Each structure stands twice: as structure tokens, then as C-alpha cells.
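To start, the structure under review is shown below, and the notes come after it.
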Amino acid sequence: MAYTPDELMTSVAARELADGEVVFVGIGLPNLACNLARRTHAPHLVLIYESGAVGAVPERLPMSIGDPALVTGSLMVCGMADVFQLMLQNGRIEVGFLGGAQVDQYGNLNTTVIGSYRHPAVRLPGSGGAAEIAIHARRTLVVSKLSARTFPARVDFVTSPGMRRDGVTRHELGMPGAGPVKVITDKAVLEADAATGELVLAALYPGVEEAEVGAGVGWPLRCRPRLARIDPPTATELRLLREVLDPKRLYLRG
Amino acid sequence: MAESASKVMSMRDAVARFVRDGDIVVIEGFTHLICFAAGHEIIRQGRRDLTLCRLTPDLIYDQMIAAGCARKLVFSWAGNPGVGSLHAFRRAVEGKHAPPLELEEYSHFGMVARFSAGAARLPFWPLRDYMGTDLPRVNPRIQSVTCPYTGERLATVPALNPDVTIIHAQRADADGNTQIWGLVGVQKEAAFASARVIVVVEQLVDETVIRSDPNRTAIPGMIVDAVVVEPWGAHPSYAQGYYDRDNDFYLAWEAISRDPGAIERYLGEFVRGVPDRATYLAKQPGLAARLTAQPHLAGAVNYGF
Amino acid sequence: MAESASKVMSMRDAVARFVRDGDIVVIEGFTHLICFAAGHEIIRQGRRDLTLCRLTPDLIYDQMIAAGCARKLVFSWAGNPGVGSLHAFRRAVEGKHAPPLELEEYSHFGMVARFSAGAARLPFWPLRDYMGTDLPRVNPRIQSVTCPYTGERLATVPALNPDVTIIHAQRADADGNTQIWGLVGVQKEAAFASARVIVVVEQLVDETVIRSDPNRTAIPGMIVDAVVVEPWGAHPSYAQGYYDRDNDFYLAWEAISRDPGAIERYLGEFVRGVPDRATYLAKQPGLAARLTAQPHLAGAVNYGF
Amino acid sequence: MAYTPDELMTSVAARELADGEVVFVGIGLPNLACNLARRTHAPHLVLIYESGAVGAVPERLPMSIGDPALVTGSLMVCGMADVFQLMLQNGRIEVGFLGGAQVDQYGNLNTTVIGSYRHPAVRLPGSGGAAEIAIHARRTLVVSKLSARTFPARVDFVTSPGMRRDGVTRHELGMPGAGPVKVITDKAVLEADAATGELVLAALYPGVEEAEVGAGVGWPLRCRPRLARIDPPTATELRLLREVLDPKRLYLRG
């Protein structure tokens, strides 16, 4: 069955979520991935949005993390002080999803500026809650399409810290969470090496070769000794994505 | 304090009396209940040199920046959610606009902590944040303290105490006792942090309605200076239980805001060219049919003893 | 996490599984929703060496002190509200009891701040308090920090992170999503600060009831370990909308607690001598007629979009 | 018309409250005083209880500050973190009522212990919210019956700070509120002297002489140059207290 890169990325992200986990959800593919997981292997996944909606069961695809459909029928709505203090800083969030205009060799993310901060070539939105999600979620999953521009050796600005900064580990910097343990791209899954914190190639999508992945990052990409092969989306995954979760293809664009 | 009835006034009067040139201004509301009606009136009255603070500047601050109201922006995420950029903001920051907009930038948690400190009248708020990020490098107001018990260093942000905070809500009584449901964001903290508070509501209700469900009251009348009754005053943002978010307008803003001329035409037609919110709404007759909320009622609870 | 259904259990099982000798235990609720049923079960199961924490020890900790459960008390106001003293507490402190009860004493704000720090996983909380008082002299855990912005010295209290917190509430679903109305005290903070959480409710409701009014949810199921259904479990405290406070019993406690023999007889008859809460209630057949709440319903609000 | 000391104390306390003020209410006589003021000259008084009830309109006399009658029909119920941080520490409380087992020459109050802290002769309840009310309320009113035992020169333990401590003023100690500006007793009203912070005799109740007041405090009581005379309770005040507010005389005992 044919499928698009977005469909596979979303399916791979969904498979990373264990039943019962508490997930801090972003809009777009992460939202689709969480709802796909809820409808397949993880019916007790608890979805939390930084807007304050807990246990949301959106009956339409939300366009923002503050969509009214995330409130109607949710388990709890709380203020944002509670979201950041009682849930995130408290260590209750098991998985956080992050993306970035730039992802570097150690999983540091940039969503702030391309170029210099004072005189940027491109001004991006900034952190939102990403800095603290990267610091506090017990683990984070990064979802981003491969390209040498998106995966430079070093980001222009560290908005959300990864595994290591200027030779110092995130643990040494005092961050409670495990950091970006996996980066889910459109061609492969990268993982943070436990010893060095460097992103290394861990699993290839069907039909993708190592060299193709290496060309998409701005540093010499190392590989795990044994590369896993990712299964293509199942018929169930594709049917849910196409018919139930995003029939208008608002997010499954590519 | 003071007599109840006197707080109820028009948006024009509320902005004229309580929003001044050079003020630190907060129009809060996370996606939900963003008071566009107040932002438009501030533009109409030509306020200048404002320090605009919000977690998410959203379209309303993009419009106020384009209209020349802002000297400085204090924020944590400046985008058009689910759509793309705030282009007036970007032009001001990327140097295609003069004078440049001054920025003071945090993460969401940092902004929430600033409002929390302001609301509690503490000079700072401690948080575990910013290690390994570049934010403290570009924002020297992010500092740290050492815990007297554990010796840990924790990040701090300074209190944010606005001159005026504007909160949109579903309902309030004439004294400003205000109830909000759905997403509540950081509105309570912003209101308590502020020297002056304007509450804008979909419905003015009798005090008995407020008193029937006191746990829903987010902002007590004792901290409110003005109550403005402005149905649909949050459009194109939304009010849970009243009307849906106008996602079409958020999508349309992408093209409008890319073009300074288009923004000027928009402001001319829908903001500066109308005297008030009622006229703004009259120009968009299809809104109610397209966006009015469906019923989805909460069950009742008993407050008796 | 985990399967929903497995969290619902008897009070006996919940206390047996989640309350251990030597634990830091919190049964919170400010006048309202004090879970006497849990305190009684802890007495019945003979827990020892507990560090009992509450703003107001109230009658329930007086009973637990008399029953020998407590090694230490962490508190801010130890009296029988509107009546007088907690005499078992006083005997333990005034040296007419051995071994003596260890005290760690704050003001209400200090206790609230300790729970707030615990809930936010911060090691301390800053507050403007205690200048000119003798509390820091007798409690060295009250310390201070210097504000990095203003140079002011602010008092601090250390985080309180209980081993187990027990919260009584009007209703919850089987996963522990818990709704409270009326006085909410510091229950949310105490629950989030705690390693383990037991929720005790007047009514177990379907998840759809919770989902019909999500702004009322104070405690999410994700932090709850056990859900105990125990109608009238707060008596002689009260549950707004369910039953009134039994002021007669609070008045009667004055005489009972003055006399160690009378306390022993009370505990023998109503606590150790009954197997469970249902039997406790069956021994007091007039309660429902005397204390059942009158209807005073909140109006509905719309959550639609 | 005959009246009791409690009735006069309550009336005097009520007269101290201005319409529209925000008052942190304690149980007992202060609660009666606030409700008397609401029904006479101060209909817009906002009553706040440390339990979290704001704008309470109790339909029965509350036995505790957490009585359910304070919730039913109130304007707002908030958590105690909000009471202490957003209202009290924020400076929104204009008047606080306090009492004490001991009141000293500078208005310092003791509700903690008689005797030493470690080996007390009498263990009292402790601070509750009194310490922070004394520090933050814009002004406090102390209500207490005169006796040399209750008004020693120096309290055994300072639970709630007054105007001065060991020669240091409350302003120098960093307290935002003005402190115990008036002490309403059963015989007279004492006021804190603006220069020294010492409690001085300011006004006498009908039929009371200066010497009688001086005998009720444990230090040489100074007098204002011109002593005011307190009016007896009016017929309206007495009728409201006796027929409406405390018909069972739960609090108007003496």
C-alpha cells in the first residue's frame, strides 16, 4: 500500500507512545500521532496541551493548541501556572513532542532566529513552552524532515536544549528529563547515543539507504552497529489517518 | 470599592480613562478570549509607545504593531498558530521597519512566572528553566538565586506588573466579579498583577448569577476598574460556549499581514474606519451563522448545606 | 497511568497499601472535606511514627495523636475552631504525655507556601512574612533569600513533599479525576506535592460527568493511586452540597478531649470498635436527618463551540 | 438603653470600617462587627475569609471561618494560595481583625504559648493567618478585653508583629501594612502613637475613667492630650446585634 513520508513519520511517532503515558502534545503531526496511538495500541494515553486542557478528546482536528474542541469533553482544564509548575516542572509529563527550524548534532533545537538574535535573517516564533518541555519532560521526541539546512552541526540559537551544550551534558546542566532520545525524520530515526549524546542513525525507513540519511545532516553521521528497519504504516494506521484523523489532509501534506 | 454601577462603561470610555501613552499594557488570553475589541479601540484612540506584553502576541498585537502603538514587545511565542508568521512583527524585528521594535523575550513558563510574581507582589519568581538555552544570553533579566536549603541554583524572572490589563470573559456583574470557563490561561495572574483592570464581557449578569456558582469566579470585582459589555468582542478569537474561533480569518491574516498596504486597508476598513465594535460586527453579517456555539451544557452542582 | 478500574478500592485496602509506618501523611481540607474516615482507618490499622501535616490539625489529628499514631506534627493553627483547644494535642505538647510530640510550626501562609513548593517541585518558596515574629527563632527551617533584582531579603520555607496525601472530595471517576467545589483550601497543591495520593469521594461518577465540566476538576487521575467511595466520609467535617458540618460534635469534643479516658472510650466505640465507616454511620442514625444539605443549585454553563 | 461590653466593642469595631473596604474577617466579634457595618453605614463592605470565601453573605452565624454558609451565595471562592498571595501579600486587604491571648505595649500579639515555647505553661493554637495579616493588611484592628494579664509590657512570644520590636519599627523591618493602629477593648480604645508606636489611650467608653484603663495594662499607659468619648451603641446597632446577627448570643457573651 502506498503511503507518504508524513504518514510514515506520524505512524512511527505513534508507535513510540506506550499505553497510559502522559503526553504533552503539540499541534500538527504530533497531535495526529497521539490520536493515532489512542485509537490503536494506547487507548489510555493522556493528552495534555500547554493551553491547560488535560485528557482532551477533540472531535475535530485542532488548528491550535488552544482550540475549543480540546476543552469540550476534556477531563480537566487548568491554568497555565498549573500546567508549567504542577505538571511539567513537577515531572508528571512522560513524553514531550518538539520540532525545530534547526536541529543540531546533539539535539539542540532552534525555533527563535536564523542568523543573529539582534539582526536576524529570519525571525521565528520563539520558545513558547518548548524550552521547558525539553528540560522537564521525562523524554522528548523530535519530529522533523531531514535536510542539511534543518540539521546543521550547530544551531544558530539554542531555544530548547538537547543532550549536550559546549561539551557539558544536560545532566551536568541540571536538567531533570532524559532529553531528545529520538528524532523521527521522513527517512530514518536518529537516536541520542547514551555515551556521547550525539544523534546517530538507529533505524531506516523502507527503501532508504544510509548515505541518503547522511546527506540530510550537517555533520558526519555515525550509525548504530545494527540498524533497525522501520515497518511501513499498516493498513489500519493508514485508514485511521486518512479517513478519521485528517481526512482533509490539513497536516498530512507531504 | 466604590459604587457598583459606575464601573460599567463603553469601550471608548474605558480605553480613554485607563489606557495611557507609554503604558505597560496586557491583553491576555491563551488563544481563547483574546480581546480584539479592546486592541482595536486602542488603535482608534492612537495610543503610542506602549509596552505590549502577552505570551502569544497573536494577530491583535501584530495589528497594534502595524498601527504604530508599540514601542516594545514582551512575549514568549510570536506566531500565527497553525498558520505561520506574524508578518508585521517580523518586519519590525527583521529591520524592515523603523524605528525598530524593542524585544524582551522569555519562554511561556517564564512569562507565566513573571505574571505569578506580579500577582503575588513578589519581586521575582524561581523556576527550573533555561539551563542550556540561549535565552539568558539575550535577556539579562533572566537571573538566578541559590536555594537556602539545597544549594541548588534556580533561574529567576522578575515580576511583571502592568499598568493596565484587559481581560475578556464570558460574564461579569456590574461590579466586575468575573467568571471564565474553558481555557483560563494566565488571566487571573495578569489581572492581580496590574495597577488597573478592564474586564470585557459577552454578558453582563446580575450578581445573583455570579453568587450561584462562586467557584467559577476568576477575578473579583474589588480589583476591577471598568466593566465593558461587548458581545463578540473577542472575535476572531473565541469565547467557549458563545462562539467558535474564526480560523478562516486567522488563515486570511497570513496574506494580509505579508503586505503592509493590505494591513493598512484592513485597519482602515475594520478598525479606524468604524466607530465601535457594533459597526465592526455589522460589516460581517455572516459571523453569527458561521460561528455561534452549539449547546454542550455542564451539569449542575449543589452549593447547599 | 494504568487501568482505570483497579484504582477503586475499600478504605481498608487503600490505607493498607498506601499508608506506611513512619510516613509523612497529609489529610488536607480547610474545615471543609476533612477525611475523618481515612484518619479512623489509619488508627484502626495501628500506624505508628507518622509525621502528620495539616494547616489545622482539627479533631482528626487530635484523635490520631491520642491514638498514638503521631511522632511529629507540622502545622499552623491547632485549635477546635469556634470552640477551644485540641486537648490531646495540648497534653502532648505541655509535657503531660510521653514521649513528647515533636512540633514544626509555621503560619497558614507558610504551610500553603510549603505545599506550593512541593507541588511545583521547587526546593523552597519565597514569601514576605515572619519579619518581627518569633516563628523563625523556634523553627530554623524558616530561612531567607535575597532578590536578584531588588536586593530585598524575603523569607523562605522549604518544600513539603508528603509520602501520602488523602483528599476528600464530592466526586471522582474511577481513574481518580476529582472535582471539588466550595472551599478548596490547599488540596490541589498537597496532592501534587505527594508521592502517593488517595482520593475519597462522596460519589463515584461516570467519566462523562467529569468531562461535562472540566474546569471543576481539581485533581487529575494521572496523579491518583486509589479512589475510595465513602459517603459521609468527612463527618463531622462537611461536604458542600452533601451534608453540613456537625457543629454539635465539634462542641462535644471539648469535653471528650479534656479527658484521656473519654477519648479512649470514644475511639473504642466509634473507631477501633467498628470495622468500617458504614458501621460508624449506622451507630449514628440521626445524622442524615440532621445534616443532609438543602438544594442550592449552580446554574449551568455552556462548553460548546 | 442598657448594653453589654461585647455589644459596645462590636459597635465600636463596626464604626471603624468604611463603606467599600475589603476586610479580612475573623470569627466571633469581628464577624459580627463586619456584618453590623454592612447593615448600617457600609453596605458595600467586602468580607474575605482566609478559608477562601470572598464577598460572603452568611445566612447564619458561622461557627468557623470555613463554615459552609460563607460559601453559599458568596461572590468568589478561591484556593488558599490565592488568598495569601494574590489578596493579602498583594496588598488588596484594607483591614484585618486580630485578637490575642496577649497584647503588648507596641501591639505585638501572642497566640502561640504562655511561658516558654519548648515547655509551655499553656499551648495556644498558634498563628493561623495572623502573622501575615498583621504584616500585610493595610491596617489592623485588635479586639481584646482589658486585663493586666492580657496586656503585659512584653508578650511571651510574638506571633503577630505590632508597631515595634526590640526598638526597631515595623517599617524598618519591611512590613507593608500600617499595623495595629487601633486596639478596641471593653473599656476604651487605644491607638498606636505615630511617633513611638506605643499604644496610648485615645478614647474612653461611657462611664469609664482613665485610671480604670491604666489598671488593665501592664505598662504605664500614656494618654492622648485630648481624649475622645465613645458614643454608646445606638438603638439600631443593638437591635441588629440582638435580633438579627446573634439572637442566640453565641458570641455576645459578656
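In order of appearance the chains are A, B, C and D, and numbering begins at 1 in each one.
As a convention for this text, a residue touches a chain if its C-beta (ideal position, glycine included) is under 8 Å from a C-beta of that chain, and two chains touch if they have at least 3 such contacts.
Just so you know, these numbers come straight off a predicted model, no measurement behind them.
Under the contact definition, chain A and chain C share the contacting chains B. The greater number of contacting C-beta pairs, out of the two interfaces A-B and B-D, is seen for A-B. Distance between chain C and chain D, defined via averaged C-alpha coordinates, is recorded as 29 Å. Separating the centre of chain B from that of chain D, both taken as means of CA atoms, is a distance of 40 Å. Centres computed as Cα averages put chain B at a distance of 37 Å from chain C. Within chain B, residues 121-122, 127-128, 152, 181-182, 184, 188-189, 212, 215, 238, 240, 244-245, 293, 296, 303-305 each touch two or more of the remaining chains.
Residues of chain D found to touch two or more other chains are 53, 68, 71-73, 77-78, 85, 89. The touch graph of the protein chains shown belongs to none of the named shapes. Under the contact rule stated at the top, the pairs of chains that touch are A-B, A-C, B-C, B-D, C-D. Interface of chain C with chain B (complex): residues 121-124, 126-128, 141, 143-150, 152, 154, 156, 158, 170, 179, 181-182, 184, 209, 212-213, 215-216, 238, 240-245, 293-305. The touching residues of chain A, counted against chain B in their complex, run 27-28, 50-53, 63-68, 71-73, 77-81, 84-85, 88-89, 108, 112, 117-132, 135-136, 157-162, 165, 168, 170, 173-176. Chain A meets chain C in the complex at residues 20-22, 44, 46, 53-55, 57, 68-69, 71-78, 82, 85-86, 89-92. Put simply, chain B touches chain D in their complex at residues 1-4, 119-122, 177, 188-189, 192, 207, 210-212, 214-215, 217, 220-223, 303-305. Those residues of chain B lying in contact with chain A across their complex are 30-32, 55-56, 75-79, 81-83, 85, 89-90, 93-95, 105-109, 112-113, 115-116, 127-135, 138, 152-153, 181-186, 188-189, 238, 240, 244-245, 247, 250, 293, 296.
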